[in-house]
Amino acid sequence: MSNPDRSRGVRGDYGYFTPITTRWHDNDLYGHVNNVTYYGYFDSVANHFLIHEGGLDIHHGAVIGLVVSSGCRYHAAVAYPEKLEGALRVNRLGNSSVEYGVAVFREGEDDAVAEGYFTHVFVDRGTRRPVGMPEGLRKALARIAGGVEQV
Amino acid sequence: MSNPDRSRGVRGDYGYFTPITTRWHDNDLYGHVNNVTYYGYFDSVANHFLIHEGGLDIHHGAVIGLVVSSGCRYHAAVAYPEKLEGALRVNRLGNSSVEYGVAVFREGEDDAVAEGYFTHVFVDRGTRRPVGMPEGLRKALARIAGGVEQV
Amino acid sequence: MSNPDRSRGVRGDYGYFTPITTRWHDNDLYGHVNNVTYYGYFDSVANHFLIHEGGLDIHHGAVIGLVVSSGCRYHAAVAYPEKLEGALRVNRLGNSSVEYGVAVFREGEDDAVAEGYFTHVFVDRGTRRPVGMPEGLRKALARIAGGVEQV
Amino acid sequence: MSNPDRSRGVRGDYGYFTPITTRWHDNDLYGHVNNVTYYGYFDSVANHFLIHEGGLDIHHGAVIGLVVSSGCRYHAAVAYPEKLEGALRVNRLGNSSVEYGVAVFREGEDDAVAEGYFTHVFVDRGTRRPVGMPEGLRKALARIAGGVEQV
């Protein structure tokens, strides 16, 4: 492998980006964005993609995505009022589930400050049983499926 | 008064604006941005101003601003993933305290979706006793002090 | 009036209490519970009452409560990991709306650390138009309607 | 091993518990506690232990714990206003770092609804460089170090 120290991802590893405006209370007592808040960034960039690119209707659609696992590694601290970006790729695309690779970047920087993953299982809104994901959604997700290994 | 139904503020009532990117979990069970979340938007636009325009050092400065009262009226519902803006003005500028007028707008709309106020008392970081606010801060705040009545 | 300085409410002013376990990130950069977080406590004690005492079905009921205004005065700072309690009363009970008085107490203390109010308008879940509140809800709310003036 | 399907942890796997009162906005649009919120529960049970059992002074202590990685698997949905408990154990105890095993239980249930882990690196509050953890902290953590494998 050419880059043995590829522990910290870069923008080229991801296929979809959204701006994140930080908030006063993203910072915790220790003066930086709380570790939990990053997962909120991740949730938001993924759903942004599902809604705008995949046609997901979070309010009335028959199919919704439930998170069954997630994880994150924190490389560097950031703090309100910095400007950030959320980044998304698809690590693994299944029939009724998808594992995303997700990251947070500082505006204008190439090295991720945090990287993680999470898995959505698509289920029927009423029964909460897994269903095959809608074709429009699958096609959108396939577009950002990289050959990148799981974090 | 020329506009007896001036119950809903407009952009011209405010002097400072920041973009707000909404997040998945800004929405609550009822499908719109939770009423509590607006106060987080308010906190963020005000501190953004204090930091960038007034020179407030939230990490190490000798003076910090504590909130002693706040309030909000909700005019319309918004929801993730809409793009919003936070708006700020100064309603009352005292020696050691300031009352802000705050609002949230949809990107591109002139009528506020929510309007409120909150009062910062500036205190010594260590003793938490009120102190006169730093001159740079006061000058910045004076620039956005409108003649607009309190919400 | 016997107590001219009745600016800070006491437990006797309220009719319903729920415990609140604070969380690490309730604290903000300044080391105390963030002003915004109190509104989350308020929301929670009121809905706790509506669900357990008033029969509100937040998931499937035909009627839901939307917040149209709110406010809070902060008397004292609290911080994670302190144990708190949320307190509720009814300030004004209308046909389709109710104004709550709400407060936060430290466990074992009689003086409120923060006090506020908020108004729920009950609406049809689908149309979001105001409706008369269900009789079970009204009866429950009437039980905690004090003669106490609005904050 | 007698239980080959030990994918879902039980109370006996953990050594420290704290009650969690859920909040209205723990629920997200899909009607259950948002996946992100669990990490806030995890943060809170761990810091509760560090403060009450390990003598950590989050406000003024020379040493603070920073999160460098975390993860969670979600087994079942819970929702406000349910009563929950946070659970903690130590998976690995190093010189300047500790990996916790964390879980959330419904009050009165033995199977975890979610389980995860996170790693604290203890650093100097000022320099943010890793330091050996204080002896009182280490002794407390050693008491809840199980032989349980990492999630």
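Letters A, B, C and D name the chains as they come in the text, with residue numbers starting at 1 for each one.
Here is the rule we use: a residue touches a chain if its C-beta (ideal position, glycine included) is under 8 Å from a C-beta of that chain, and two chains touch if they have at least 3 such contacts.
Only a predicted model underlies this, so the values are computations on that prediction, with no experimental measurement involved.
Taking C-D and B-D together, the chain pair joined by more C-beta contacts is C-D. The chain with its Cα centroid farthest from the Cα centroid of chain D is B. Centre-to-centre, using mean CA coordinates, chain B is 23 Å away from chain C.
Computed centre separation for the pair chain C/chain D is 30 angstrom, with centres defined by C-alpha atoms. Between chain B and chain D, the centres computed from C-alpha atoms are 35 Å apart. Looking at chain C, one finds that residues 24-25, 27, 29, 31, 34, 36, 40, 43, 58-59 touch two or more other chains. Within the complex formed with chain D, the residues of chain B that make contact are 24-25, 27-29, 31, 34, 36-37. Contacts from chain A toward chain B in the complex involve residues 18-25, 27, 31, 40-41, 43-44, 47-48, 51-52, 58-59, 79-81.
Those residues of chain A that touch chain D in the shared complex are 29-30, 34-36, 39-40, 43, 58-59, 64, 66-74, 77, 118, 128.
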